[in-house]
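What follows is a single structure, written as C-alpha cells, with notes after it.
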C-alpha cells in the first residue's frame, strides 16, 4: 500500500536534460518541485574523473553508465508477423540511466532541424505532389514552426555553450558555416572546434567536389565559457572518450555541468534518486493527474501528489509510462486508430571507410562532435525528383575515437584473426578513417510501440514492444547518401574505400544510434497526436511531455538533442506564462 | 540596497557613542545580523544539518575536542539567561556567564577589537533569533586542558584585550579593512601560526598555519608564498565568489566563503583588499636546494598523465574551474599539508550564488603511491618558475596515515 | 549532494594467481587458442603472453560471466537473427559447454589430443571450422561461440592492463594508441606528425617510477 507524501506543485519523472531544464525553470518561478529519477546520482569527480573515465572496456563495451536491461528493456520484432522477443542486451540503441540521463554520455552533436522539416508533409506534397509519398508513410507537420522555436534553440545552445560557426545569421549567409541551416538570431556561443587531420582532408575533398563543408556544431567546447546560469564549462581536451563516457574535465555540456549545480542550490527543489515511477495517478474523472506512484530501492511504494506531472524520461520510456498509466488511447496499427505508441521512428545511418596512403591521422585525438560535415543532401535541400525517395541527412568526417577494442579498421577481405589480421591492424590504424551519413527516418503505419503480451519487468509490469523495420524509402535514401559520400571519399585519394549503405532488415544487434523518436507525437489534431503544440496531453491537461524525442512526429536527418532542449524551454515557457495563470487545456 | 544602508550605518557608528541598552531598533538588529556574517558566527555555532546558531559542532583542536555552544536565546540551553554585560565580556575578555573562562577556540583574542556599538548590535541580533532547545556540553577536552582555570595563564601570555585603534595616517577604507581583518573577520585565528600554547606567533602574523589537516595559506604580500601577485580585484573576487584566476576556495575556507565573505558588502571586501595589499613582506626565506632531476622527470610524466587535462601543461589551470599552479602561493607554501591532502583525497570548491559550479578535484590516493605523489608534488612546486622544498615519500606516508585516522 | 572526500570507484585491479574460472585443461586450451587468434610475431607478443587467457578467466569469474545486468527472464524462444541473442546461458556457462564440446570433437577428430598439443596449422584449421560452422559442436552453436571467444580475446588484448590482459600495453603499442591520456590540445593542429609519448593506463606507466 503506497504511503502518501506531502504534496508538491510539480513532480518530474526523470532527471536528464529535459527534467533538469524544467526543474530549474519552474523552481525559479517559485514552485515546489521534486524530480524522481530511477538511476543513481552522478557527479563528475566521483563517477568519471580523468583517472578512470577513459576505460573502453568498462564504459563502451560493458556499458557501465547505461540502463541495465534487467532494470528495464523492451521486446522487439521487425514486423507484426513475428513474435517480439526481449532485448536481453542493448546494442543497437543504448538508453541512459541516472541523474543527467544520456546527457552525461552523449557525443555533444548539436544540430537544429531545418525550417522545412517542421512542415514536412505540406512541404513535400507541395513540391512533389500528393502521390510522391508512399501511402503507408505517416509523416506529419509539426504543430510549431522553426521561426517560433528559433529563440528556444538559441537558449539551449547558450545553456550548453555550443561551439560552431553560423551559416545563416538573421537571413544573411555567413562564409564557413552551414549554408542550408535555418536562420539564427545569434552566432554560436563559442567558436568552432579546431579540426584534426582527417576532417581537414575530408573538407578539402568536399570543397573540391563542389560541396559546402562546415564544422559540426559541438557541445564539447572549444574554449571555457560561463552559461546564463553562472555555471562554468571548460575547454575540451580531445581525449577521444566521448560517447558512452562521462567527461572528466567539465568540458562536455551535460545537466551536471550546465544546470544541476545551480538547480541544487534552490531550496524548493528536491531530487529523489534510485526511485522508479511506476505510474501516473489519475482522479476519478481520468482527466486530471493527482501525482505519481514510485518504488524505492527497498521496494517500498510511495505516492507523490502534485498539481503538475512532467514526463521527462527517455523517449521510449515516456511512451511506456503513458501506456501503463492509461493516458491517451493506445495505437492499434491494424485499425490505424489510437495515438500512444504511434509514429515510432529511428535514424538511418551508414558509413564509408577510407584507408589513406601514408598519412598519420592520430585518430585517437577526437571529440564527440568535432568534424567537418556537409548538409547538401539533408532534408529537401536537394531535388528529389526521380530519385524514388524522400528525406536525407548530413554526412562527413567526424570520427569520434580510435579506441582499439572497437576501432581497428583493416582492408576489405582481411581475415578476422591470425598473423595477417595482426599485421593489417598495425599497418592501417593510423591511416584509416570512418566517414558517415546520418539520415532521416520517417514514420510508417507499421512502425510503432505498444505493450508486450508476454514479457514483464522486475516489477511484473509488461515491457514495451517495439515493432520496427527500415522501409524502402529509407534504404533507397541511404544508398543514395552513401554513394554521394563515396564520391567525396574518392576525392581524398584513398588507397582503399569501403562503402556500407544501410541494409535491411533492421538488426537490433548492431549499434546505430540511440535516436528513438515518436510514440507521444505532438500535433494539432488529437486523432494523430498525443500532446498538443505545448507538449500538453490532450487527455489529461496537467500532464506534459516536455520535449523528449517521443514528441517528434518523425525523425529528421539530425541528432535530436538540440530540438529536445529547445522544446523543453518552449514547454517551460508555456507552463510558466500560460498554464500556471490558468490551469486547463491550453488549446 | 539594504547592504548599502548597513555599510553607511556601520561607518557612522565607528565614532558615535553606544546606543542605550534596551532599544532594539531595526537598524541595530540588521547591523548585528551583518556583524554575525562578518564574524562568521554560523561557521562554528551552526552545525551542518542542525538549527541556526544552536551549536553542537565539534572542533578538533591540538588539545582535544570542543563542542560549540548554543547561542540562541533559549533560556535553558542557550544564552537567553545571560546579561548584556556577560555577552560583551564573552566577546571582549573571554569570560562568559558567571565569569566562566572561554577557550580561545572562541576567538575573543580578535573579537576584543570590536567596537562597543558593534558588540551591542550583535547582542541585539542574537536576542531576536529563534530560540532552539539544544543542550550542548562544550568542554570535551582531556585533563588537564579541561580545567578552565588554566586559561588564566594562557590569557596572561597570549591575550591582550583592547579595542581596535584606527591609524590616523591611513584612509577610512584601510581602517575599515584593518578592523574587519583584525576584529570580527578573525583571519589570524586560522592564518597565523601558533606557539606551543596555541596562541598567535605575533612576529608571523598571517604567514600561514596548519589546522585540522589543512594549511591556511600565507596572506602576506610575499610574491612567492603569499598573495603578493594577487590584485585587489583578485582578492575581492575570491572572497565574494569563492573563485578567481588563481584558485578556488575549498576545505575550511569554503565554509568561510559560503557563510561569511560571500555575503559581505562590496565596500567591505574592497576595504579588506586595501588593507591586506598594504601589508609588508616578511623577511625573505632562503632558497631551497634544487630537487633531484630524476624526481622532476618522473614528476613531469605523472603530471602529464594525471593533472594536465585540467591544470594544463603550462600550469595555468582554468579560472573558476581548475586552480592555477604556475606562480601559485598555495603550491609553493612551505607547509605542504593542503597539497598532499588535496591530491590524496580530492576536494570540492565552494558553491556561491555568483559562482555556483563547485567543481571538484578527484582523489588520487588509489592511483598514486607515496613516492609518486611526492614526485608530482615536487614537480609542480618547482616548475614554471615555482621554487619550493621537494617532498619525500615519507612525508606523504605520514599524511596518508593521518588522513585515514582523522577523515 | 554532499561531497565525500576520497570517494572514488576505480576498477578493481586483477590479482595474479591461480585460475579463478578455468580448470587447468581448459586454461591450457584457451591459452593456445588466444595465441592463434593473436599470434606472437615481430609486432610483439601474442595473445598468451599479453595475458588474454588471464583476462578471459577473470571476466568469466566476475559479473560478465554471469550475464549480470542482462534481461534473463523466460520464456526463451528463438527468433530471427535481427532479434538478438535469446540464449538462457550466461557466458561462463557457454564457455564451459563449448570447451567440453571441443574436447569431445578433438577426441573424435584427433584421437583425444588436447588442443594445445596440435600443430599450429591444425589449430588454425579447427578454429576456422568453428568460425564458419563447418564443424558443429554438440554443446553450443560453433559460430556463436567462436564470435564470443574472438571478441573476448580482442578485448583482452586491447583493454586497459588493469583487467589482466594487454600486458605491458602491448596491444596499444601494436597500433600506437596512447591509452588513458586525456589531453591532446597541443596536437590537434599538428597534422601528419607522429605522436611521441608512450601509452599510459589506469595503473600508470614505467615512467611514473623514480629511477636513480
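Chains: A, B and C, in written order; residue numbering restarts at 1 for each.
Keep this in mind: a contact is a pair of C-beta atoms (placed from the backbone, for glycine too) under 8 Å apart; a residue touches a chain by one contact, two chains touch by 3 or more.
Only a predicted model underlies this, so the values are computations on that prediction, with no experimental measurement involved.
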Query raised in the report: Based on Cα centres, what is the most central chain?
Result: A
Query raised in the report: B-C versus A-C: which has more C-beta pairs touching?
Result: A-C
Report summary line: dist(centroid_CA(chain A), centroid_CA(chain B)) in Å evaluates to 47
Query - For chain A paired with chain C, centre-to-centre distance based on mean C-alpha positions, whole Å - result: 32
Report summary line: Note: chain C sits from chain B at a C-alpha centroid distance in Å of 53
Report summary line: Multi-chain touching residues of chain B, meaning two or more other chains, are 309, 346, 348, 360, 362, 367
Report summary line: Touching two or more other chains in chain C are residues 7-8, 10, 180-183, 202
Query raised in the report: For chain A, which residues are shared contacts with two or more other chains?
Result: 43, 46, 49-51, 235, 237, 239, 248-249
Report summary line: Contacts from chain A onto chain C in the complex sit at residues 41, 43, 46-47, 49-58, 61-62, 68-70, 73, 76-78, 82-89, 91, 194-197, 200, 235, 237-241, 248-249, 264, 271, 359-360, 362, 364-365, 402-405, 408, 416-419, 422-423, 425-426, 429-430, 454-456, 505-509
Report summary line: Per the touch rule above, chain C residues touching chain A in the complex are 1, 4, 7-11, 36-39, 41, 43, 64, 69-73, 75, 77, 79-86, 124, 127, 131, 150, 153-155, 158-160, 163, 171-172, 174-185, 187-189, 191-195, 202
Query raised in the report: So in the complex, which bits of chain B are touching chain A?
Result: 306, 309-310, 318-322, 346, 348, 351, 353-362, 364, 367
**Report entry** chain B-facing residues of chain C, complex
**Finding:** 3, 5-8, 10, 180-183, 186, 197, 200, 202-205, 207-212
Query raised in the report: Given the complex with chain C, which residues does chain B contribute to the contact?
Result: 292, 294-295, 297-298, 301-302, 304-305, 308-309, 312-313, 344-348, 360, 362-363, 365-368, 371-372, 375, 403, 407
